[in-house]
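Chain IDs A, B, C, D, E and F follow the sequence of writing; residue 1 opens each chain.
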């Protein structure tokens, strides 16, 4: 039941918005976790998803299509590639395979890297969603702060301006809120991770990498699902 | 700074007691996390360690020898192979490399697998040490219970009797304390993990596997150390 | 903006499962909160809902239809008549009116009636959903216990057997878990409330009554919505 | 035991200071919660009370007179009209009717309106009393801040200066302390509530209204007292 | 301002019930904390107090007489000799000297002696008072349990029956609730302390001793009062 | 087993660094707690200790020598005179006598003097050690802040500059972090205590005084050790 050389295991990472650019950005960030003999990691795009997931309406609208996509695309583990973790409870209940949300995985990874994490959010409107998720996970006292870039998801790939803004927000999280580890609060910021770590001197968690790594851990060690 | 194919990275796992049998048991449990192209994982024994680490005197007596051993044996990451995590703070402060204790790694892994973990301890006397560690990590509310086998570390490898006793204690942790994930509270119980998972129907964390996996995660994703 | 005599205010309570019997049971329980000159309280049934909401699939499937129903049926305040509070975040974000879930309202009401509440759940499978909701609301330390009847939603109206079972479960919540107030964990149990209070000697919260009362409070006092 | 049309139920609200102006202010604020067919809500003044309740000596001096007043004035529910909730434990133990303090009722109401409440206190000296109350109620993590106006209770009715000062303090609670709901920390500020909500854009809780509403809820739903 | 040999310092311990037997029991328990050259420790009885303090009415009725007694009897520090800590907030606010309640002092002392304390209460009716006090002090997570003897305060001095009952209740606190330190929840049980420690093998805190010791600490070290 | 006049009891306070000046400073601070007829309080220096204990290496290097020193120097109670509490768990497990660390004793004493304490640390590098200790003791919510002087241990006795710097840091702890009691985070600052109390108007805890006082309490009241 564990993952050994020779097995053909497969992790399916689904971007529930319809932006191919975001999927490509996730795919590039995952290059780091791919190893020869390790699981195949495939990134797919939910075609019926909205251009970006910015409202609760966007979140709810992708829940059923996302789980239907998982149910019709066999894999050994699944990753939901959106920082609102849409459909996580449903996918866990319906599938008999491990499923990981990128937000919960980032919170978990960051909890092992430092005492209190700071979140670089995209838009202010998503912060209440993050808070509900963090409270439901029992991690409230590990949160240092959550601050928005106020940049649209689709603008996230214009590197110079975005990088400067992430560094600005990250500096506030570190120096005002007391974060000793940062989380990139969106699936599309992975390309900035290395540069942000260097400039801010803190570990920086890309949520898609964190979730894929957690899927690999789970498959490698063959953990039984909690009931 | 991240781990890619072709790199010759090395994780050193040190058993701070002098029992070669315990080291061999850890080595066998780690077979699961070794992958072709992945890091070399080496298990060593601290020759000056006591036969088993059962008292606070044993814990304190290995702190300096263990860190000296690490300092003179270069590796990319280090694992302290004792469920009391001896020398963890010192190793982290002295070395410029990632260091993981098997207890803290098991607590962290279990926190991602279920809501509340139960610990199968070896002896009653180690439970206050576990409690101090869990409180210092801020994980008190994730602990369901900690129950001792009352079997000596060196007897841990007599499989039939030990397995029956672990199942008995694990059943109490699950049914009385409400644990939905179990932790094997010693470096020498890895060989029982699969059978216990099957009999109890819960995910079971071997701490040595959890720590080695965490070291691999860290090297793979190239996280900067928290200050 | 507040509710005074002469205003024609209206509270819409929507049962998101398609059982007319459940809607009728809610309607009867609400008789207690209707007053002359007070708001009109209307109970409606979501026709496209499942027969009962027992799985996460059921929960997710009613989110969008429920909010669409609210959007096309003007009212001054809305109540979501299912103990999983489906669509609450979305309804709050989309509508410009107060929206209340019956579970969160029951937890809130019970927190003002005693120190620790016990939940009489219908089925075991809904308990993880309750836990996520309670944790997200920051009320974990007010929960004494959550125990299932293991009776189907549609069987809930066969009074003799059901009443005996509720009393049995309520007794465990009171005497084993230490609850000093009970919550009926379903929209269809309101008819048993008086008898359970008498037999167990504790205050008992019907969630539909609690939510409607909270809506009346809100309209009466004219509170502005939190941002 | 529940409140229905035709019943002649009565809620007695007692101002334990001797200021008729404060009683009149409370009475005016309660106009909002009076409905035709609803309970009669009567505001009385404790003649032997001090001019204002600003010290612990004032608080303790009214405990017995207040409870004696309640015992000799039959009602269906009682409200203690002072933000220090003097005599609440005694009144609950002695009377066989529901009793509500305006401070605890405001904290409870605010907990259902937002995540973290800010308190507009009258004088700095009352803040330790508020803190003891909030801690005893287990609501510490819902408190954003508590800031004093430093205006005497009897000056509270000079509207222009007081209103400006409340807005100033409320702005600090919102913008510095992060409150998303405000509580007026005195029985005499109800007249300012509407204007403050408008200027600050947050829900504002008048404690006397909150307590009277809670009494109505209790009578309407006929809850049994917790043991 | 500190206590040195030669100073004539005086600690006044007031029993707010009128039982001379209880005062004599407290006086005997304090023999242990009297040292040559140390402060004079005087035990007095509040003559207007009730025979025993068992109800909230008793508690409230002694608040003002107790503080008046303190105000008219000069001392360097004051101890309130009743496990309900009546008048503590008022005495602290009015007097310019250190004041200690025996319950809060016992909770504090016990927190330094073990992880979780058990309280041997006299009567069930006082437990909600203990809970409010413990919550207000922020010590909820240090409480293992609170179990009543159900013996009247004035019967507390009939040693054989009372001792057997205390041991019985203490055994439940230790073995069922997990207490590792016990608190005698009344001013009149000091005479049993030594025997209970011997029989149960746990440290046992007499609250009057704890409070007097704390007063001595305070005078000896000359701490300034917190604002 | 308790301490009475005529007993020749002895408390051994060990400075685990080799600085005689620090030992002399501790000895002077303890003058306040010595009383005629009270226990003999002896301060000794661990000759093999480092000049100051500033790193985790220093901490670990003194654990075994310190406990060996205690084991070979009989006393009735022991105090570990370093704010990192080195060897506390080991000394408690090995000796059959009460042992107190000065840091844990200061945290405990401060918790009884105010709501939230501020720590005046020597160097930034020791703050993570303080945090681990505070978390393991379950006192996280009593900590207001921990701010470093950034002065070497051996420079601590140059009074003018050091005093000014302590006042500066203490002011920040009081006014920015909200501390209402201060702790001097080193064994060598006792000489400044009185002046700091006067200038800042807050109670100030010298940890060595706190630990010696706690040892006296323990011996005086004859508490049995918790298991």
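The definition used in the following text is that a contact is a pair of C-beta atoms (placed from the backbone, for glycine too) under 8 Å apart; a residue touches a chain by one contact, two chains touch by 3 or more.
These numbers come from a predicted model, not from an experiment.
**Student:** In contact with chain B and with chain E at once: which chains are those? Just list them.
**Tutor:** Per touch definition, common to chain B and chain E: F.
**Student:** In contact with chain D and with chain E at once: which chains are those? Just list them.
**Tutor:** none
**Student:** Drop chain C from the picture, leave everything else in place, and list the groups of chains that still touch each other.
**Tutor:** Ignoring chain C, everything left is still one piece.
**Student:** Over half of the interface residue numbers used by both chain C and chain D, so same, or under half, so different?
**Tutor:** same
**Student:** Counting in whole Å, what is the centre-to-centre distance of chain E and chain F, each centre being its mean C-alpha position?
**Tutor:** 27
**Student:** Measure off the straight-line distance from the CA centroid of chain C to the CA centroid of chain F, and report it in whole Å.
**Tutor:** 55
**Student:** Report the inter-chain centroid distance for chain C and chain E in whole angstrom, where each centroid is the mean of the CA atoms.
**Tutor:** 46
**Student:** Multi-chain contacts only, two chains or more: what residues does chain D have there?
**Tutor:** As it turns out, chain D has residues touching two or more other chains at 115, 138.
**Student:** Quick one: label the inter-chain contact graph as line, ring, star, complete or other.
**Tutor:** Graph shape here is a ring: one loop, exactly two partners per chain.
**Student:** In which sequence are the chains arranged about the ring, given a start at chain A and a first step to chain C?
**Tutor:** A, C, D, E, F, B
**Student:** Applying the document's contact rule, which stretches of chain C touch chain A when the two form their complex?
**Tutor:** 55-57, 59-61, 63-64, 67, 87, 89-90, 93-94, 129, 132-133, 135-138, 140
**Student:** Show me the residue ranges of chain E that touch chain F in the complex, using the header's touch definition.
**Tutor:** Those residues of chain E that touch chain F are 2, 4-5, 32-33, 35-38, 108-109, 111-115, 138, 141-142, 180-181, 194, 197, 201-205, 209-210, 213-214, 217, 220-227.
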